[in-house]
């Protein structure tokens, strides 16, 4: 249902013109004349009104405003699946009582480093390993990732540690190769509204970790999830990773309130990436703890054995020992809110 | 120490002109010619260079950029007092191991309601009671507070419960009456850069709860604390309460990463106000938990016995029972990070 | 008129409870049951519903959302005075066909400099002279202004040039002295929601130049104007001076679209301050031209005879010759849109 | 050249460790000990230091901060081509004295409407026609464009009017078909950091219209241009189209100060899209005028013969008559700043 607010002084003819327009779409108009304004309640299946039609109604003569009451996403809404979605990946159930931690380097740099990191994060309690083979970099002169070679190392790390693999898809043309190696396909923040890429993973059977865009509202983020789900893939994990604000003391502003907000609006699991959220390794631990306390279903944390030599994001990576300590410190917090990690 | 970067092609004469300017301020210039740029390291007590002088150096012919290396605040910096400030208010030590909770209604509405709320929050474990007698309202047609009458009720609530009182100062002309009743003087977000008000509380001996401005950077916030401290009052408590961003799902975006950032930069205690941060009562509990996990020294939470009838901020107020449950739920989280509440 | 949207599954009893609440405020409920939602159109004088009451209705059981249809400001709205406000200050009519330019230094530094600048801006075509005697500075260690001495110099500059004086009020306790010297009282960006200050100038008979707050929405800005007007002073000039965004290439982001937006919403004159908007002197001229093209009623521009020695804002000040050239360049643009300067 | 600022108390050994690291990259260290801090000026070709290396230096023991002095983009910088780039497209020279206007519907909806619009905008003085065949839509349920059919209509419109065609590329897999029909390839705001797409158009010989991302800094935007140019395509046109801020009165906040800022930083032509910048048709004309006054090299404006029936962005489209009037009104403004339109 939509509500149309008329300007003061709207004529009867203008009103009739609007009503006719609505009726031409199979809708009914419930006119309500107040002392200061007349409003029209639009009755019928307004989900048939596209955003475009809504937009054009707003410029019809006599219309002051159009207010949409129903949310523009359906499959992603909590109402669609009140109990919450759980996703089982090789025995790891995401969205349940257990909080999952995805850990690993920003980029896969070489075989030895990756195997070493994977072993360490497994020992510390991570349940997934991550690493980028295709890297979105702000500079064309920066390291762009190893490509399929990196994916092969990830597969080997999975074989050795038993940890399923999370890696990013940047280009629809890489879909085939990514599907071959990944257990969860990550869509990065800069691609949250790369709609073709969303449709591509929507056609896949692999779970998708959908990062929030730097300046995406929660509503737009859920619409991006809806894109994926509209193609049949309902295994979407949302991942808060910081939004862009005026504050420069941190790389981004981690919006932890997005966690409880999403828990109300959607049935999808919600992760938090404190590493990108703050951009500095010594701020990662307190924000990881805060994320768990706020109700996140999982974390994604950058870990590197030698951050000083990392080819990407060394500044925000934890060393294995710091990661181990963090995992230990998270346990009583998880337990305090009735969960495990 | 400051660094002056010169444009490519700067002449020797321009360079001499800049050096002379620095020397006229009692500073020395350490010139360093690189392959691509020449830079000047400014040696001497650059704290004597005001922001204005820095700004004007930046427009001298040949200057590309001036980079300030030292922080503009001194008294508020962690280096000034590495161990952290503790503030003892009638036996309640803020900034120590114990996490303090300030609770109460947004505005003092009448005697009965306030006494009732004060009693309830005391029972639940709050250690301070709050309530506004002078209210900053966005509309001139809204309830503006009871004035001194409200302060008297707060004093009575303190007498009955033993809880010290936190209340807001909006106008330097109210300083005398506020000092008579308050144990902590609150400076609201909209007044964070009301510099006259800052100087006024700087001259007071009462601790000050300094809320972050809606669009204040952490650096500006610390400069506001410096204003107060420059007058001799070093008992400043910083309070994160959400910043303004593009997201509209919450009233503001609660920037919890400010907590660990401030812990590095300053020795002052850091509180969090989740009620204003999110603006909706059902999001307050998860964000209060997250704030504690992130390392906050205290919380400030709006509680009302009958939010549906509140004259201000009913939407974001907890009922006494919800507050009681929250206080109980915070205990194991505080304990998980080695603190008590 | 307000609209209340009910949650799906709201009971008849909850509905009756809401209707009763409305009726207790002297309002009527027009219930409209759609296929997906039930909405209540609130009929009667909803201006009697304060924001607080609206807020508490939103937490009543069964309520999903409350949408306000009428604007919260009245006196400031275009509907209140469709023809636009003009303000006559010693023969200079603001809000008419002629575009006015207020020029001068950021701060009054000494008598000689001010007289010199005033003379130069008068020659170039400025119609008002500005200068701060009380300065809001982010650092307590910066120059804070000359106080009444500065005001006296401004009065002398007015006497010598005939230009009326614009100067800033920071503290209600300075009201008396400011009124004695100023022709227009400026409320700075950081005080846009210093509500006590707004009420103070609302009681004055002097025109007020109300700068937009760094993170103020246009609606909040108009509410600040409403504060002033609610006390009887309807001579308010709005001044856009840049908002805070993520972009750091400019000091602020000058929101020129605020000009045509305000022209629709309010009858008050709209000025633009490109100097603070961009913060760099060489960007001032293009943005001044753009402001005129966008429909601004006036400009406020910082001019200094020797920016390299200015005690405040030297970086963004024009030299008299650059200002003179700008004034000349603005003429054909003003003329292109049917105005003069 | 980079500058490394050391923490107070950094040991000689730490200093040696940092110097060794720099020397291992073929760089020299110029150490400068001040009274408060020691800084290292890094001498040599620091363009060989990638952002990663810079980032990891910042976490070496003893390092407080690393400041980059040189801009991260080279090909896009004004220094690379001081005279400014001009692009000749079928005789239309972009970046010269003449201001160009690209006009047309948001999406190509059908043949008749497009031909009609193209004819009208040609008559009014537009020099390019635009229209989307592949549309990025926030909802998967919205109209997604006609695909190649739409491109064919655009080609037909070009044939009939002589106007070269501007259309958007969303997916690298569409590159071949887009190249066949487009004269300028548009990269939309949501794809400004779709790095694979940037490389793709970088390999093309077609000029590229690169829209600014919703939350992209000017520096990031120039880095996106650098991506394209690094592949050999130097014909990049930058297009400001509004950034995301807290203000909701307009769809975005049009950052017109980006125009003069870019004119200093880069040699590339700068366009402005007021239609997306404000999102409301009646605000387009004043902002188009302001853009020209601010120094834009061109405009891109949405025009539709029947906005009420448009399938996309009807709300912000001008009708042909309004567009015609705007083109007429722009002439004297262009002339006032020494240009033509």
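Going in written order, the chains are labelled A, B, C and D, and every chain counts its residues from 1.
The criterion applied here is as follows: a residue touches a chain if its C-beta (ideal position, glycine included) is under 8 Å from a C-beta of that chain, and two chains touch if they have at least 3 such contacts.
Keep in mind it's a predicted model, so treat the numbers as computed, not measured.
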{"item": "Per Cα centroids, the chain farthest from chain B", "value": "D"}
{"item": "Pair from A-D, C-D or B-D with over half of its contact pairs in common with A-C", "value": "B-D"}
{"item": "Centroid distance [mean C-alpha coordinates] between chain D and chain B, Å", "value": "38"}
{"item": "Centroid spacing, where centroids are CA-atom means, of chain B and chain C in whole angstrom", "value": "26"}
{"item": "Whole-Å gap between the CA centroids of chain A and chain B", "value": "31"}
{"item": "Touching two or more other chains - residue numbers and ranges from chain D", "value": "215, 244-246, 248"}
{"item": "Residues of chain B that touch chain A when the two form their complex", "value": "215, 217-219, 243, 245-250, 253-261, 264, 277-278, 282-283, 286-287, 289-295, 329, 332-333, 335-337"}
{"item": "Chain C partner contacts - residues on chain B that touch it in the complex", "value": "50-52, 55-56, 58-60, 72, 136-143, 170-173, 190-191, 193-196, 198-199, 214-215, 220, 223, 226-227, 230-231, 244, 281, 307-315"}
{"item": "Contact set on chain B toward chain D in their complex", "value": "1, 3, 5, 8, 30, 32, 34-37, 39, 41-46, 65, 67, 69-70, 79, 244-246, 248"}
